[in-house]
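Shared between the two complexes below is chain A, which has chain B as its partner in the first and chain C in the second.
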Partner chain A sequence: MLTACKKYLTNNVNKSIVIVIIFLAISPFIIPKSIAMDILIFGLLAMSYGIIQGHIGQVSFGHAALFGTGAYVTGLLLYYVDIPSSAAWIFFPAGVVGAVIVALGMGALSLRRRGAYFALTNLALLQLIYFIVLQVKGLTGGDDGKWGIPAPTFGSIPVTPESLYYLYFVIFLVCLFLMKRMFLDSPNALVLHAIKQDEARAESLGYSVYREMLKAYALSGAFAGVAGAMYAIQMQYVGMSYLHWSLNGTVIIMAMLGGVNVFIGPFLGAAILIALKDVISMYTVHWQLIVGILVMVVILGLREGILGRFKSLRF
Partner chain B sequence: MLSSSVIVSLFLSGLATGMVYALLAGGLTLIFGLLGVINFAHYAFIAVGAYIALEVLDAAGLNFWAALAISLIGVGLIGFLLERTLISRLYGQNPAISLIFTFGLAMAVVELLRMVKGTAFYHIAVPSALVGGVPMGDAAFPTYRIFLLVIGAVLFFGVWAFLQKTPTGLIIRAALCDRGMTRACGVGVTTAFAMTFSIGLALAGIGGALMAPMMGVFPEMGAEILIVCFAVIVIGGMGSFMGSLVAGLICGLLSSFITLVSPQMAMASIFIFMALILAVRPIGLFGEVGRVD
Partner chain C sequence: MLEIQDLDVFYGGTQVLFGVSLTVKKGEIVSILGRNGAGKSTLLKSVVGFVTPKQGSIKVDGKDIVHWPLEKRTKGIGYQPDTKRLFGTLTAFENIRVSALGTKNAKATMGNVEGILNYFHPIKGMMNRRAATLSGGEQQMLTLTRALAREVGLILLDEPSAGLAPAIRDNLAQAVTDQRDKSGCSFLIVEQEINIPLGISDRIYGLLNGKIAFEGTPKEAVETKAIEDILMISKKG
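Now for the complex of A and B:
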C-alpha cells in the first residue's frame, strides 16, 4: 500500500493532482466557504474548457453556453417538476445530458473551421442560445431569471452548505479522474494530441479528425454541464449571467493563467483569479482594470501560463 | 394589411442599422484580414468615441459635426499608438489568442471609462438640422436615420477608395495578399499595419459617436453590437471588406423585417442566419478558401 502510494507520487502530474485534492478537502476550513465553493465549481468549469484549448487546440468563445445549459436544465426542472425533494437529484444528470446535446450541436457547426472562425462561430452560437433563453420569458424568467429553486435533500435531512460542498467535492473527484483517464491516460488522448500537432497527417493515418474533435468537445460539454448544474443548485437561482459572453472571457483567462497545457493548470488559474478578485475588490471596485491588465501581461509575458513553465507537468 | 409606407420605413431603418453594422464590421475585418488580430476591444473604442463626442459637445462647447470629426481622429490616433505599442506584439500567433488579449484590453479600457466618467447614462441631443422626420405616407421617418445611412455610406466608400486609389492603400492591399512578398519588394509595411489598425479603430470611434444620439452614452454601449458585428464578419467572410458591407446590410434588413413578425426574435434571427450560412458555406459569403484561418 505504502509502496503503491510512493510509486504513484513519483509522477509530478499525480503529485499536482493530489495537491489539488488536499486543497479542496481542507479549503472550507482555511478560506471563506463561499469562495471555496466558487473555486470548486469554476475550477471544474475551467478544466472542462481546458479540454477545448489544451487538447483540441482551439480557442472557443462559446463555453458559457454549455455551462448555462447545464444550469438552466437542472434549475428549471427543479423549479417546475413536482417531485419528492430527495429524488430531485435525478435532475442533476439531466442538466449534463442537456449540455452534451448542445455541445454536439455547437461542435458539429463550429468544428468545420479552425482558429478565428471556430472562436467566433462558438461566440455567435452562444449568443443565439442567449437570445432564445431571454425571449422564452414564460419558461426561463427572461432577464430576471428564476429565483428560489428548491434544493434537493438527502431523505429527510436538509442540505447544509457543508454537506453540499462535500457532495460536490466527491463529484469533482469523479470528474477529475474521468478527465485524467480520458485525456491523459488513454489511446484516444494520444490521437487528439497527434491531431493537435498535425491534422493532415493524423487524417492520413485513418483517424477522423472531425469525429475525434467532436467527441472531445461533447465531453468538455458534459463537464461544463456538471459545473452548471452544481452552480444552479448551490445558488438556487438561474439567470442570464450564466450565458453571458463575458463569462467565457473569465473562463478562458482562468485556463490560460494557470496554463492550458497542464492538466490542473485551468484549476489553478480559476483558484488564483477568484482569490485575486476577492482580495482586490476589498480595496477598489475597479478590479476589472487590474484583471484586464493581468490578461495582457499573461498573454504577452507568460504564454504557457503559470504551470506551463514546468515541463514535467505538461502533456 | 401592410401599407407600403410601413415597408419602406422598415427597409430604410434596416439599411441604416445595417450601415452601422457594416462600418464596425468593416473595421474589424480589415484589422483581421491584414493583421490576423480579432479585435474584441472594438467595443471599448465605440464607447471611447462616444465619450470623446460627449466631451467635445459639453466641455469644449463645439457642435455635433466637430464632435464627429474629433472622435474619428482621436480614436484613430489612439489606434495608431496602440498598434505600435501592444497589438504589434501579437502578430503571427493564433488569432484566437489576440481575441483574449483584446478582451483584456477592452476590460481595462471600459473600467478606465467607468473610473473617469462613472457609470452614469449620458444623453447626446440630435443636432437641430437633423431633428424631426421625413413625411412618408401617414407616418414620418426620422431624419437622423437617413443621415446615418448617408454618412455611413460616405465613410465606407471613403475607406474603400483609400484602399483602392492611394499609394498607402496599395501597400495595405499588397500586404493583405502576401505580407512576405511585399516586404521582399522593399516596401516597408510597418506603417501600413499601424494605419490599418488606426482606420479600423477610427471607424469604431465615429460609429460610437453616431450611435450616441440614439442609444445614449455609457461604458458598455458597444458590447451587444460588437457581437452582432462578429456574426456579420463570419457571414460576409472574414477579411473581406465588401463582404462586411453586404452582410451588414443583410443583417440590418433581416432584423428590421423580423421585428414586424416577432420583435423578440430580431437579434436571434441574425445568429440563426449565421448558423445557416455556416452550414452551407462555412467560409462565409465572400470568403476565399485558404486566405485566412
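Now for the complex of A and C:
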C-alpha cells in the first residue's frame, strides 16, 4: 500500500492532483464555506472548459450554454416535478444528460469550423439558447429566473451546507478521476493530442478528426453539466446569469490563468480568481480592475498560464 | 488490390497527372520512378485522399474509394508522407501507438513494431524521446516504422530512402520484402533513387511529366535504358 502510494506520487501530475484533493477536503475549515463551494463548482466548470481549449485546441465562447443547461434542467425539474425530496437527486443526472445533448448539438455544428469561426459559432448557439430561455417566461421565469428551488434531502435529514459540500466533493473526485482517465491516461487522449498537432496527419492515420473532437466536446459538456446541476441545487435558484455570455469570459480567464495545457491548471485558475475577487471586493468595488491587470500580466508574462512553465505537469 | 484508372489530377488550373493508370496486385511490390515534379507524390496523395482527382477511379479490392472520406480510406492504408509528419510533442513510442490505434487491428500492428525496429535499430533506444528532438534520419526511420508496422493491405511509401544512412537503406529494402512475405500486404513505393526499387520491386512504372512513360520489370527497365531516360541520368553528363 505504502509503496503503491509512493509510486503514484513520483509523478508530478499525480502530486498536483493530490494537492487539489487535500485542498478541497480541508478548505471548508480554512476559508469561508461559500468560497470553498464556489471554488469546487467553478473549478470543475473551468476544468470542463479546459478539455475544449487544452485537448481539442480551440477557444469556445459558448461554454456557458452547457453549464446553464445543466443548471436549468436540474433546477426546473426540481421546481416543477413533485416527488419525495430524497428521491429528487435523480434530477441531478438529468441535468448532466441535458448538457450532453446540447453539447452534441453545439459540437456537431461548431466543430466543422476552426479558430474564430468555431468560437463565434458557439457564441451564436449560446445566444440562441439564452434568448429561448428568456422568452419562455412561463417555464423558466425569464429575466427573474426561478427562486426557491426545493433542495433534495437525505431521507428525513435535510441537507446542511457541510453535507452538501462533501457530497459535491465526492462527485468532484469522481469527475476528476474520469477526466484523468479519459484525457490523460487513455489512448483517446493520445489521439486527441495527435489531432491537436496535425489534423491532416491524424486523418491519414485513419482517424475521423470530427468524431474524436465531438466525443471530447460532449464529455466536456457532461462535466459542465455536473457543475451546472451542482450550482442550481446549491443556490436553490436558476437565472439568466448562468447562460450569460460574460460567464464564458470568466471561465476562459480561469482556465488560461492556471494554464490550459496542465491538467489541474483550470482548477487553480478558478481558485485564484474566486479568492481574489473575494479578497479584493472587500476593499473596493472595482475588483475587476485589479483582476484585469493580473490577467494581463499572466498573459504577457506567463503565456502558458501559471502552471504552464512546469514542463512535467504539461500534457 | 489497388487499381488506378485514367487519373487526372489538377492543382488549381495546372494539370499534374494525365490519365495515369496502374495496378498493384496483392502481395506485390510496385515502384514508381520519376524526377522531381513528375507527379509521384501527387499520385500517392490521391490514393490517400489528400488530393481529389478530377477524373478517373481508384479502386481498392474492387471498391471505388475516390468519394470515401479520408479516414475511411486511411484505416486500411499505411502511408509514409514525403515530409516527415510526426507529432513532435508525442514521444517516438506514442507516435507509433497513435498510428496503430487508427488501424482496424491495433494489436497486430503493435506486435509488428518490435520486429521492424530491428531493421531501424538506431532508434530502438529512443522510444521515450519526443519526436521533435530526433534528427532528420531518425525521424525518417520513425515514420517508416510507423507506416510499415501497420497491419493493413496496402502500404504507400513516399521516398523512403531519403535521409537514411547507406547501411539502413539496405535494411529498409529487407524490411519491406520481409513485411510483404510475412503479412502479404502490397507496397506502392515512390522513389528518385533507383537502387532499392530495382532491387526489390516486382514491377516498375516510370512517371514523366505526369504520364506513365514506362511499365515493366526492373530487369526490363535496366535493359531498355528506359529508367535512364525517365530520370535523365545519362543526359548532359
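Note that the second predicted complex is superposed on the first by the 315 of 315 C-alpha atoms of A that agree within 3 Å, B and C clash if a C-alpha of one lies under 4 Å from a C-alpha of the other, contacts with A are read in each partner's own complex, and residues count from 1 in each chain.
Here is the rule we use: contacts are C-beta pairs under 8 Å (C-beta built on N, C-alpha and C of every residue); 3 or more make two chains touch, one makes a residue touch a chain.
Model, not experiment: these values are computed from the prediction.
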Partners on chain A (chain B, chain C) - clash or fit: fit
Contacts of A:Leu190 with chain B and chain C, given as first, second, both or neither: second
Partner chain in contact with A:Ile274 - chain B first, chain C second, else both or neither: neither
Which of chain B and chain C A:Leu123 touches, first, second, both or neither: first
Partner chain(s) touched by A:Ala200 [first = chain B, second = chain C, both, neither]: second
Touch count on chain A, higher of chain B and chain C: B
Partner chain in contact with A:Phe131 - chain B first, chain C second, else both or neither: first
Touched partner set for A:Ile51, first chain B, second chain C, both or neither: neither
Closest approach of chain C to chain B (Cα atoms, Å): 13
Residues on chain A lying within both footprints (that of chain B and that of chain C): none
Of chain C, residues touching chain A in the complex: 48-50, 69-71, 74-77, 79, 81, 85, 87-90, 94, 97-99, 101-103
Residues on chain A engaged by chain B in the complex (per definition of touch): 58-59, 61, 109-110, 112-121, 123-125, 127-128, 131-132, 134-135, 245, 249, 252-253, 256, 286, 288-289, 291-296, 299-300
Touching residues on chain A, where the partner in the complex is chain C: 187, 190-191, 193-194, 197-198, 200-209
Contact set on chain B toward chain A in their complex: 32, 38, 86, 89-90, 94-97, 99-101, 103-112, 114-115, 227, 230-231, 233-234, 238, 264-265, 267-268, 271-272, 274-275, 278-279, 282-283, 292-293
